[in-house]
Amino acid sequence: MSPTTISRFEPPKLEELPADIAERIAAVQEKSGFVPNVFLALARRPDEFRAFFAYHDALMEKPGGLSKAEREMIVVATSGLNHCGYCVVAHGAILRIRAKNPLIADQVAINYRKADVTPRERAMLDFAMKVAERSQDVDDADYAALKAHGFTDDEAWDIAAIAAFFAMSNRLANAFSIRPNEEFYTMGRERRF
Amino acid sequence: MSPTTISRFEPPKLEELPADIAERIAAVQEKSGFVPNVFLALARRPDEFRAFFAYHDALMEKPGGLSKAEREMIVVATSGLNHCGYCVVAHGAILRIRAKNPLIADQVAINYRKADVTPRERAMLDFAMKVAERSQDVDDADYAALKAHGFTDDEAWDIAAIAAFFAMSNRLANAFSIRPNEEFYTMGRERRF
Amino acid sequence: MSPTTISRFEPPKLEELPADIAERIAAVQEKSGFVPNVFLALARRPDEFRAFFAYHDALMEKPGGLSKAEREMIVVATSGLNHCGYCVVAHGAILRIRAKNPLIADQVAINYRKADVTPRERAMLDFAMKVAERSQDVDDADYAALKAHGFTDDEAWDIAAIAAFFAMSNRLANAFSIRPNEEFYTMGRERRF
Amino acid sequence: MSPTTISRFEPPKLEELPADIAERIAAVQEKSGFVPNVFLALARRPDEFRAFFAYHDALMEKPGGLSKAEREMIVVATSGLNHCGYCVVAHGAILRIRAKNPLIADQVAINYRKADVTPRERAMLDFAMKVAERSQDVDDADYAALKAHGFTDDEAWDIAAIAAFFAMSNRLANAFSIRPNEEFYTMGRERRF
Amino acid sequence: MSPTTISRFEPPKLEELPADIAERIAAVQEKSGFVPNVFLALARRPDEFRAFFAYHDALMEKPGGLSKAEREMIVVATSGLNHCGYCVVAHGAILRIRAKNPLIADQVAINYRKADVTPRERAMLDFAMKVAERSQDVDDADYAALKAHGFTDDEAWDIAAIAAFFAMSNRLANAFSIRPNEEFYTMGRERRF
Amino acid sequence: MSPTTISRFEPPKLEELPADIAERIAAVQEKSGFVPNVFLALARRPDEFRAFFAYHDALMEKPGGLSKAEREMIVVATSGLNHCGYCVVAHGAILRIRAKNPLIADQVAINYRKADVTPRERAMLDFAMKVAERSQDVDDADYAALKAHGFTDDEAWDIAAIAAFFAMSNRLANAFSIRPNEEFYTMGRERRF
């Protein structure tokens, strides 16, 4: 794959996109200064694009519950487990920014068990990794371990749902060979933001 | 879990559901004669419910491309691999009906390599299983193998996307212990429909 | 493999079988209304046939100890783990009948941890799966867990021996591509027998 | 387990054994100079003992087909894969004697791919290991590879059946902690017999 | 582990180190501006320290053969496979600098199969990963694949030896919980050096 | 590989070796009566040879701490796990001699969990196997388990370091196909030394 290709599947021309999708893409560009490649790659399928980002936002942007840094930590750990380069690089950047911690993303992506995480975060990631790897074995003891660290039932749902959503996302990005934008590699690496 | 519980998380009361979700549930009940438990379990989270079924329908119901029996075959093989009881039982029923074949679902769920499938279906399932299990290794040779069996680029996308969507679905159903409705077990098992 | 082939190896002609084997086959046909394909496939080797079924009967038919439904539950869980289509379909039918439960076989074959089983049955299946998958690690703690659920030493032997016998059986049926008879798929699926 | 215990399950008293089993044990003692512990351990269950050894002899002692050294080579490779100490030590001794090769057993038990085997033996062991590890994937190509090395259909059956029988045997010996007799460790290790 | 701890084992006081080790550490500090934690952690054992770095230098610094960027690429891929945070972060920095490529380390650490590597580099990494993961299966075909990409016998040795050395290194850093220095995270990330 | 070849890579001529390496080889020949093939195979690279054996001696020969038999037990268990024929055969011989136990090496190589080891040795091997297989998961609980059996911090280091060194060694011997000398197979097998 040439370094200028963003995915195995040719992305659509921006001027041919449905208006709502073009708007969403313009908004993210406005906010970030560039368009993350997953938006262009998935725009090839407008209905799937809409559902994907509606689901993403419902899990990652809704108010209350897990902090946004916690959610991104789940994403990075799941994506490391699934060897998804796009997701580790892109969400690693977001995690660094949301956690205000320039080191945490690389630590969690390679081995969250040795990362600078609190016992509560460790319990959260243990549960997420079990959903990602062996969801067939999830049982009462796993939920009890979360509760022991103060997670509510609804937060347990969120952890499982984020790990499951990125089980999908990681597979899409890998199967389609979506390339991480260069901008992500250095975002949030400076000591203070 | 008691046999009358449909999921680890208490489902919402039907009368308290947002109108669009209540309608969707009424429609599926009208069509099937019962409400599959995944609808009730996910209704606890209206935004996630909407995105989940919008995504599902975009992949499973859109016109053209893979036949509906082929799509369900991917679902059943993926769900067998991921040991998801809900998904194997529910989509096994749909596969039997769509393929007009009372034997195929049990064969594919346990070992698709020994199932009564055509070489084209075998290639489709080999690709789907690679996305489900080792998406980090998917490469040109996998797409070439699909093309050799007559699959278009867009059908390759569909196979990958269905396997990825059920990577999510299987993990949700397992993590939430969603229980298959009894109706599914026997649907489509008679020799002729 | 054509749907009418029962195994990769041509089965012997019935009229050429040794008398004792012909009798055994006639007896099972009399009882079941059809001849399960494993009988025909293994009859190619009379001495192995005799030893196989003698062993099978010693474990599965002997009086006392585990109930017959419990024994079949071990068979179905082991066969699901080993992805043996013949064994899951054939013994799934027998399990439904012996347990008088039309749902249990599909549940146990896909994921016994989410099946409607008692804590005692769960302990029995955990032990059987350890023998099936990692017998090198079986140790005192595994036997103690059985004892805590009321299993005697002789019942522990039975669980291990059934899991081990089907480790063999599953490999034979898979290596020889023995095809499940259609009759098995629907046996015992009605609510009451 | 004390070094003097031969198995987790107390073996029966020799004088209480059924006559046919006592005779079989006397015969092996006469021939070998000692009683291999598997005979004593399994004698606790006379019917299973009879079926086990009838099956063993049908596969390992029948005239024609694979040489006896080839059969033992399959046993040792399978037992190494399954980490069965009893089977590696006991059948390693028999392999050394039958192959008249004091080095072959240790090589095959640890890594048959680096052992001093012919290309034909390598193909035989590759097939046996696939039956032992992933029988669900055995297909036409595996049988074709055997045929290319001159194996007949009946010899292919034998290879699969021996690997399957020891899948059982290894699990029994491991689950019951059957201890290898000391005599086996040194048998056949001298350069010439 | 507190963020200020560099390893599970207390490192020695610098002033108590043998002269040759103190000199080596002073030299690396002079060159890099800081002391990588692996030097302090291993200095607890002077003889092991000397052998470890002598081996390291023999493989990583010797003239001729693989380029230094190629060698670091093997290190990062091996360390990603083995989930070694210290090694990925530290050698990721060195790889970025030696390859003059700010993106390559993150790509290779997560999934070298999707990284911007040449076919020659891909063959090199495939071989290294086989040595790291399944060295028991390495055979003639693996060496032939290297030769087809122009690697000499001595370069094949180097690839295997580097992958093997970091099989050790990764396990030491993980078992001792050696913490990556903060300096490494950002080194070599700017577009041009 | 012909039985007379000692490695995939041609070893150097003895008369062309650097003096220190020739001396080391002469010394081992003097002591053992033959030259273990790993010395000849690695002599192709004098600097790597020196570092390898300096490291080996620092771990395996230093006074105090673990007994020499304990160290060899770790080597044999690690080498069995990694399917390294050279290392199991060569160090199996040394273990038999150092432990004055002709049975222990074969037991530990195939399945240390069923071997005649003390609870202390079992804890030591459990830790070593975790370093060998899943060093990324090593944590406080693993070190606490060692301490509970009386191991000091420095002995914990030694166990980890030996398992890590042989992670390297096993990969080198497998990748280079180093052949075990025949002498090793029978050394230390007699009941009393």
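Chains here go by letter, A, B, C, D, E and F, matching the order in which they are written, and residues are numbered from 1 within each.
Going forward, contacts are C-beta pairs under 8 Å (C-beta built on N, C-alpha and C of every residue); 3 or more make two chains touch, one makes a residue touch a chain.
Keep in mind it's a predicted model, so treat the numbers as computed, not measured.
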item: Intersection of contact partners for chain A and chain D; value: B, C, E, F
item: Required steps from chain D to chain F (each step between touching chains, minimum); value: 1
item: Taking each chain's C-alpha mean as its centre, the one farthest from chain A; value: D
item: Far-end chain from chain B, centres as C-alpha averages; value: F
item: Whole-Å gap separating chain E and chain F, where each centre is the average of the chain's CA atoms; value: 24
item: Gap in Å, rounded to a whole number, between the CA centres of chain F and chain B; value: 51
item: Distance from chain E to chain A - Cα centre to Cα centre, in angstrom; value: 28
item: Set of chain B residues in contact with two or more other chains; value: 83-84, 111, 114, 136, 174, 177
item: Which pairs of chains touch, using the document's own definition; value: A-B, A-C, A-E, A-F, B-C, B-D, B-E, C-D, C-F, D-E, D-F, E-F
item: Footprint of chain F on chain C - complex, ascending; value: 136-137, 139
item: Residue ranges of chain B in contact with chain A within the complex; value: 8-9, 44-45, 47-48, 50-52, 54-55, 58-59, 62, 82-84, 131-132, 135-136, 138, 143, 153, 157, 160-161, 163-165, 167-172, 174-177
item: Interface residues, chain D side, partner chain F - complex; value: 1, 3, 79-80, 83-85, 88-89, 92, 102-103, 106-107, 109-111, 114-116, 174, 177, 182, 185-186, 189-190
item: For the chain C and chain A complex, residues of the former touching the latter; value: 111, 113-114
